[in-house]
Every structure is written in C-alpha cells, then in structure tokens.
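To keep things simple, chains are lettered A, B, C, D, E and F as they appear, and every chain counts its residues starting from 1.
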C-alpha cells in the first residue's frame, strides 16, 4: 500500500506542475492575445462613440434623472 | 394505546440521533454566521437551512424522493445549478480593469498555486496516514483554494461528490473570512514602501474590446484547455450577453431572476449533502484545515508574484493587489484596497485590484479544467 | 377523397365526446369565476385553461408526452410546485401579529377541526354506501378544510392523486367563497356584545424575534411532527429569507419570479388532472359537498374556541377573529374585519385577525403532516 | 365488507382524535416556546435599532422619495 | 514526458477537426450578425454561442451528459422551451388591431402559401435527386415560411429533429432579413395607386372582446385542428393572462423572467444541434435556399390576396399590409409601414399591418397543426 | 425508387392543398366567429368603462407621472 501512496504523491506532483504550468501558459497567451486584440480595435476603431448604443430605456432613465435633478436644483435654490 | 405509541415513535424526539442533532446545530451555526456575521449569506442561508432540513429524522427530505434530493438530482449532480450561477456571475463581471492592464492577469495565475499546494497537502496527509484521500478527492479539496464557490461545487460534483458538502461549506466560509485571513499575510510579505506604490490610472476600454474579450477567452480555452470549456463557456456567455448590449432583457434575467433561482436551488441542494453520516467524518476536519491553508498560500503567491514582476518592469505594481488574485470577487479586491489605505489614505487600489480579482476567476477555472481532465 | 375523410376524422368536432364538451364548459366556467368574479384568479385561470386544453380530443396534451402531462410529472407528482409556491407564500408572510399575541394561535388550532370532521364525513358517506372513499382519500378530502391551496394540493398528490383535480378545484373555489360562507356562521354563533369587543393594540415585535420564529417553528416541527417538515420547512425557509434581510435578492425572487413561475406550472398541471374520465365521477360531487362543510365547521370551531378562551382570560378576544383561523390568507382576516365593522364601525379587527390567520396555515400543515404519516 | 367499513370509520375516529390532539399540543408548545423566545430577546436586546439594517437601495429609494416629496410640496405651495 | 504528451493530446489544437473549426467560425459569424447587424439577437446570440460550445473538441458539452445536451433533453426534444416562449409572446401580443378589422385575417391566411410551396419545393428537389428529404422533413423545412421562430423549432423538433439546427438558423436569419427580402417583392406586385391607399382608422376594441378572443380561438382550434392546440393553446393562455387583467403578476412573469429564461435555454439547446457532423451537410444548403424562397412566396401571396379582396369590397385595403401576413412580428408590419411611407409620407400603415401580422402567427400554427397531424 | 418519390410528390400536393384549405377555412370561420362575438359584446355591453380595472400599481404610476409632469412644468416655466 505504501507504494501506491508514494505513487499517488508523485502523481500529485506531476499534476501540480502541469496544472500550474497550464495556468501560467494559458494566462500568458491570454495577455498576448488581449494586447493584440486591443491594438487592433484601437487601430480600426479610432473613436468609440460610447453613447451610440442607447436603448429607449436609457433615454427614459436619463430624462427622469434630468427632471429629478431639476427638481433638486429648484428645491435647493428655494431653500436658500 | 398502540396508536399513542405509534405517535410517539413517529416523533422526532424519539427518532433523532446525536449525529443528527449535531448537524442541526451546525446548520443553525451556519445561519448565525450568515445572518449575524454576513458570511456569504446568499449561499450559506440556503445551505444552512437545507442542512437542517436534511437531518430531520423520520422523513425523507434529502434522500429518496425527498424534495431536496430531487433538487440535487436535477441540478447539482448534473452540474447545471453551479453553471447557471456562473453564467449569472459572468453577466455581472466587468473585464474593463483587466483589459486596461492585462499583465495583472499573471497575479491571478500565481494565486492558483494555493489550489495545487493544497492538493499536495491532501496527498501528504494520506501518505502520513492521517486521512485517505484519492487523487480525485485531493483535487476537489484543492479547488477550495480557487476561492470561487460555483467552481468548487462544480469540480467536486464531478470529482468527489461524497465530499461536496464539506468542500462547499469550507469554500464559502473561507471566502467570508478573506478579510481576516489575508491582511496579516499581505503585511508580512510587503514593505511599507511597496504598500504605498501608486499605480497609474487605467486607460478607458472601448465597448468593442469588452465584447471581443469573452470570445477571445472562449476560443483560447477551446484550443488549449477544453476541459475548462463548460465552466468558462457559461461564464463568457453571461459576460457576452451583458457587454453586447443587444440582449439587455436576457442579461437582466441572467443577473437577477435566473441566478437567484439557481442560487436558491444550489444552496438547498448543497444542504442536502450535509447528512450526518456523510458530513460528520474525519475527512471534513481535514478539508476545513486544508481549506484555510489553500487561501493563505494563494494570497502569498499572488503577492510574491507582484514583487517578482516589479523586478522586471518599470511600471511598478503595488503587491497588495496580488492578494486579489485568489478571486473571492469582490471581497479580496476590497481587502487589497483597505490594507493599502492603512499605509496611504489617498491610495485607492480597488480599481487596480479588480483586474487580478477577475483574472483569478479565469485562473481557477483553467486549473479546474486541468484537474477534471487529469484527476477524473 | 379519403384524405378529406381523414381531415374530417381528425377534427375535434368528429372526435369530441359529450364528457369532453362538458369539461370544456366547466373550464370556461372556472375562467368566468376567476375573471368576472375574481375567484382566486392566480390559480383558477391556469387550472381552468389547463382543464380546457386537457379535454381537447385527438391530441395528447394532458397524457403521454403532452406538455401538461410533462409539467405534472415534473412538479405535481413530485410535490415540487406546491412546495415552491409555499416557499413564496412564506416569503410574503408577516408573523408579527402572531408574535405580538401568541395565544391567538389556539384559534388557528381549533379551526383545523374542519379538516378532521370532513374526513369523518367522507368515511360516513362510505359507510352509508353513497361513495367509496379509502382512508387516504378521506384524509385528502378533509384537507380542503385547511383552506390552504398548496397544502391541499401537496397532500392529495401524496395521498390521493386520482382526486387531485376535484380537491384543488374545490379548495380554491371555497377559498374564494369565504366572504359568502363565513359571515352567517359568525353572526349566528356570536352576540352583539361579543362582536363589539375591542382588543388592545398589539405590541411592536423586534426583528430578532421575527428571524428566530421560523427557526423555532422548524425545530419544533422536526421534534414533534416530522411529517410536516417538507411543507413547513419550505414555508419557514421563505420566511427566514424575508426576515433576515441579508438575502433581499433571493427573497424578492422567491416572492415574484419564482412563485409566479411555479404558480403557472402548478395551475396548468392541476388542470391536466381535469380529464373527463377522472373528473366527471360521482366522487367529485361528494368532494364539492364535503368541501363546503369543511369550511363551515372550521369557521364555527374557530369562533367557539375564542368564546371558550374568553371564559378563562380577562383579556377578551373578539370571537370574530376566530373565523380567520381557517387560513384562507388574507381573505378570512378581511371577512372578520368586515363583520366586526358591521357592529362597530370604529373597531378594526384586521390586525388582530392576521395572527390566527397565519396560525391557521401552521395548523393545517401540522394536520397535513399527521395525515401523511398515518393515512398514507 | 361492512366490517371493513366499520373498521375504516373507527380508524377515522382514531386519526381525527390523534390529529386534533397533535395540532393542539403542537400549537400550545409553540405558544410557550414563542413566549420564552420573545422574553429572552427582549431581555438581551433592550432596544432594537430597527433602522440599522438598511441597504444602499433603501437609501436611494428614500432619497428619491424625498426629492419627489419636495416636488409635490412645491407644486402645492405654488398652486395656492 | 508522457504526461506532457497527454497534455498536448488533450488540447483543442491537437484534437480539433476542420469541420469543427468551420462550425466555430459559423458560430462567430452568427454572433457578428446578431451584435453588429442586430439580426434577431435574442435567439441568435444563444444559438451562435451554443454552436461554438458544441464544437469544442475533447469535451462533452452538446452530447452525452454535457450541459447543453441536458438543456436540449429537458426542453427542446420535449417541446417545452418553444411552447414557453410562445406563451410569453402570447402575453405580449395585442389582438386589438385584428379585432377592429377581422377580415384582414385572410391576408394572414394567404401568406401561409409560402409554407406549402416550400414543402413542394423540397419534395421537387428530392424528385430531381438533388437532396433526399422525406415528407416529414419537407414539412419541417416548409414551416420556415411561417416566419415564426418558436413554431418552426417546435415543428421540426416533432417532425425532423435531425434538421432542427439548420431550420432554426434559417428561420431566424431570414426573419432578420425581412427588411431586405420583402420590399422589392412588394413594390413589384403593387401599383403606386395601390400603395397610397389610405385605410380608415380602426375602431376601438373593448376589453371584453380582447378577453373573449383567445378563448374563441382556442375553442375553434379544438373543434377544427386539434393538432395545433399545444402551440395555439399556450399562445392563447399567455394572451388571456395579459388581457384578463386579474393576474398581472403572472402575465408580467410570462413576459419577462419566464420567457427570458426559456429563450436562453432554447437558444443554447438549438446551438447544441449545430454539431459539425449534423450541420455541415448538403441538406443545410438546401434548407437555407428553400427558406428564402418560402419568405418571398409568402410575401407575394399576402400582397396578392389583398388585391383580390379589393376586387370584391369597397373598403379598399392597402395591399402592402398583405406582406405583413407572413408574421415575423413586428418586423414585417414595420416594413409595410416603411414601404407605404415611400409613396405617401403621411400614410402610416403600421396599425393596419399589425392585424395581418398577428393573423400570420395564427395561420402558421394552424398550418403547423396540419403538418404535424398528417406528415408526422 | 422513382415511383416512391413520385408518390411523395403527389402526397405533398395533397398535403399542400388540404393544408392551405384548412388554413383558409379556419381563418374564415374565425372571422365570422369574431364578428359574431364582437356584435354580441357591443350589444350587451353598451359602454365599456375602460378605466374600471385599475390596479394599485397603475395608480401609483399615474401619481408618479403627475408629480414628475408637474416638476417638468415648473422647470420649464421658471426657465422662461
């Protein structure tokens, strides 16, 4: 039995080394791929019109916020 | 008269065993931690309550046709519940900080050392004759060090379902204890000068990058570690639904109704694994002991990795954010921020720590994929 | 030409039986009650519509691989749908009024006499040779007197699935008729002086008490009537999620998306039990007759219990709130309030009636546990 | 068969008596336990800071309500 | 060293086949269409992503115990997911415009000619020896002409599950292409004088009519085409929940959480049918080719029907709204409006087009019922 | 085989004819039934009080809208 257990520990070491190796290799490749992707995006999409993708909901929300902001502003002014 | 005897014999007082009573107390203790101490209440309340239900004598709730047994059969043994929770987390995750500073992913890689050293620890205990863990069981215990609840539950449902209850309780308890476990290690491994390193403001990340990243991640997983594809696939799917902005109603549901329903069922299902016979065994103590070690080592290797990176780069990283690499999103990032503020009240690290924090999630799922492929 | 004949023979007009046509009319009548008369629409609309679908000739909807048969197999035969609905009701229940005045729980106990007297009535009918109910069937019919839909459905899915359709329709119809059934009985059994009794304002109940109560209830159930643990366990789980205030997102989902989804599936599944062959039998008439008796007796014993308690206590209880002990939350409590206002327009009983009202839910589930354990 | 049915009725009576007995015993014990629990809580927790557990959402809601209340108040005042 | 070989052999790069790589590219292309071009993103994002997951080599996701295979087994093979989506669509549908002008239903009938002519086209291709479709397969392909996603998926899950992936992709792609496919056909078949026909304002429809209509529709289906009852039954159930106004919470859930959850699962399940071996076959090209023909013919017959009706009636119909009879709600109605505005900027046809648009949904389900009954 | 295929095409024609026939018959009957139903409703329900079925939520929403509308109105008036 002790041999099986020793075998188990050596299996564990192999698994740990391959595991950490895979994690590092994977994330290193992901760093490189991400860098590349970001560069391509920044090259071909100089200015990102971030507000382009607005849904109706957002508009309503913004409108509501404006109204409420206006109400707050009035409230404060009159409190003075 | 014989009916009265039947009534008495059907009562819980007559039937309850000491082990069941102990498990009910443990369930109540988990509820106490969740409610009074705010220990990961979203999971520990269903788990604790499910644990109590599962140990009520004389009625089948967690076995046979019992309702919790049915929940577990539907979504825990099949992996569906943790995958749905993971999809919802994906839909709540912002990869922006990571995209702004991709090299901090290495911190998320280093912190996964906690997983593999705990695996070795479990096997060492087996060699010492203290416990008798198989390779698959040791791997499932190790994943506690990933500090990621759904990943830990998914991996143990595949590799060691008999340990699932103890592993889930251990994982969520230590995730809640991150603010206690991490700071001393972080302070011990860093100098004051390191802790006050100010990092430059991250650049703004475009929406296109955020849309492309989950796809890039998925393709890379498919090419390199396919075993991680179910977990990371569902995560990336959730994230893509959020970032693409054309399916807001699906993203909202994934972040709310669906993840909440899956969480309730997942928690109760995990609770059904807290049956006295399965939980009150020596192995559980071993798992609780190894779990805290896993968190500690992951924290340490995350911090040390940052210090190593600082040797080779001029843009210095504050090594405190390395501790966030264990995942435990967003708790570990907050801890990094808090310890940083102790040394310099104007140095807010939270945004910088979110990068390694979500990288830690990716790292854990990659490790999980390797373990499932080679220890299964 | 033979194709034209095939087309004609495939049509519903050719295939429909008188019994199916009658059942479709009954389904339409249930929809009429639900929409025009507001009879428990949340359940009666899916039940009525499901009943119509189940009696469409020439297509398998409620049998075999039909979609309603699949819903029933998933969550009605297994008890999952009624338990999820009960969890949601638990998350909507406020035990505050009960905690402020615990002795009103006795009213909720007394009203359960309706359950057991109906059980005896069903057996008496069997002895008289009118019907042929087994003990398990009689118990399932009796539970209609619990005035609690999910409990009635759960108990009959366990004890007498062949009667489930009739029992569910009967239970929800009479719950809707509470404002017609109860007032004459309440007036007949009380004097004007009793009806104008003013009760003192209930004390404020702390959050800690509200958190501890579902746990206390669960432990007591585990020790005394484990058979009630699945039902009361899910109820208490829902209530704990609400009161603990640290899992608001889970509590919200349990009270909204999840209970609504479970209600839709539960109603359609119950509707699938309204197949002509099973529903259009004499037993259904017996069940409808016994159901109204159950409600009447429960109302009476609730009121009488309050009068008995007034003999032994100086803090007088308005016996009208005893009628709320049948459950039918919150309708029965509103009825108590309304009948009280008839005698004294300034005497609002609604808050006092909520205590026995929710106690009636607990009482019914305890009775259900006993019935499942001893009549199953 | 009539004997079986009589037997059924006597079984029914037993079940009814045990059932109602269990319901009353259970709820009586629950009354006692609830009393005890409430006393303990009131003893060890003199003042319950009910507003302690407030989430961010509540704050936002309250803020919104204040703003709207202010708007209503203004509206009414100006209407006078 | 052998471990390193094992690692390499477990990687996706080693295991991937050309066909799988092509399928992953197709999945990415569907995501591109959904995100950048807004092609029916609610379905094409889950379908495309599911398609990528299903073609990752070396890991079981879409087969065996894989999570997507489990989703498909739960709700696609059983028909549950498309029926739940259809229930939700029913709860979002307003029959008002149809009730105000019932004769426009004939336009919705005529447009179904696309279904049957495509069926004939598929059989003709078989006769020509180009493909080898059975009658059931030809029927499933024809239903693409119904321009109704859940109906197409439901019918092919019953008649030709092996073609489901191609049919679903084809149906949703062409529904997205409606603004390109329809206008030239509409312009070619109408004169300028026809396109500027102004229709009178529709009358107001009472709530009672809206409540009674789904019931009327259901009864008529039960009597004439019972095979369409599962589909139309769930649709009418959703619509009744919405219009009856007494179960607002159920209607809200059917329109939000439940349909969103069902859509996510449905899309991923359909994606699981995009396995390379099944999708990369000649038949898929045939299906894509026949699908566009189906849309074109349906559009044409809808327009022509309006012109025929104008020969017999004084209240002229603008034939452009006939094109909306293919369904593709609400896109086809918007297209009718847009083409109308080209000829007369003050002539808003959208409200008039909504009638045939929802009639097209009814027509497709009737056609589906006939196909399931006679080609199954 | 060619005979089977021819058979298939003739089956297809039959199916297409019966299918389109059923669709037209069904929708024609539905038109008639809808006309009848609408007439009956209009006869027995002269005035439909459309606002009768209002839930509490609707009231709240309407109230909120009124408040916000008032705030907007004030805001604009003061902006003049």
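Note that contacts are C-beta pairs under 8 Å (C-beta built on N, C-alpha and C of every residue); 3 or more make two chains touch, one makes a residue touch a chain.
Keep in mind the model is a prediction, meaning the values are calculated, not measured.
Asks: Among all other chains, pick the one whose mean CA position is farthest from the mean CA position of chain A.
Replies: Comparing chain centres, C lies farthest from chain A.
Asks: Count the residue numbers both chain B and chain C use at their shared interface, divide by all numbers used there, and answer same if that is over half, different if under half.
Replies: On the two sides of the chain C and chain B interface, the residue numbers are mostly different, under half being shared.
Asks: Where the CA atoms of chain C average out and where those of chain D average out, how many Å apart are those spots?
Replies: About 18 Å, centre to centre.
Asks: What whole-number Å value describes the gap between the mean CA coordinates of chain A and chain F?
Replies: 42
Asks: Nearest whole angstrom, what separates the Cα centre of chain A from the Cα centre of chain C?
Replies: Going by mean C-alpha positions, chain A sits 48 Å from chain C.
Asks: Which residue numbers or ranges of chain A touch two or more of the other chains?
Replies: Within chain A, residues 18, 22, 68, 71, 74 contact more than one other chain.
Asks: Scan chain C for residues touching two or more other chains and write them down.
Replies: As it turns out, chain C has residues touching two or more other chains at 221, 224-225, 246, 256-257, 374.
Asks: Which bits of chain F are touching chain E when the two form their complex?
Replies: Spelled out, the residues of chain F in touch with chain E are 5-6, 8-9, 11-13, 15-16, 18-20, 22-31, 33-35, 37-38, 41-42, 45, 48, 50, 53, 55, 57.
Asks: Note which residues of chain E are touching chain F in the complex, please.
Replies: 98-99, 102-103, 105-106, 108-109, 112-113, 115-117, 119-120, 123-124, 126-127, 134-135, 138-139, 205-209, 212-213, 216-217, 220-221, 224-225, 245-246, 248, 359, 362-363, 366-367, 370-371, 374-375
Asks: Quick check: in the complex, which residue numbers of chain E touch chain C?
Replies: 78-80, 83, 211, 215, 218-219, 221-227, 229-230, 233-234, 236-237, 240-241, 244, 246-247, 249-250, 252-254, 256-258, 373-374
Asks: Show which residues of chain C lie in contact with chain E when the two form their complex.
Replies: Spelled out, the residues of chain C in touch with chain E are 6, 10-13, 15-16, 24, 28, 31, 34-35, 38, 41-42, 45-46, 49, 52-53, 56-59, 61, 65-67, 70, 256-257, 260-261, 263-264, 268.
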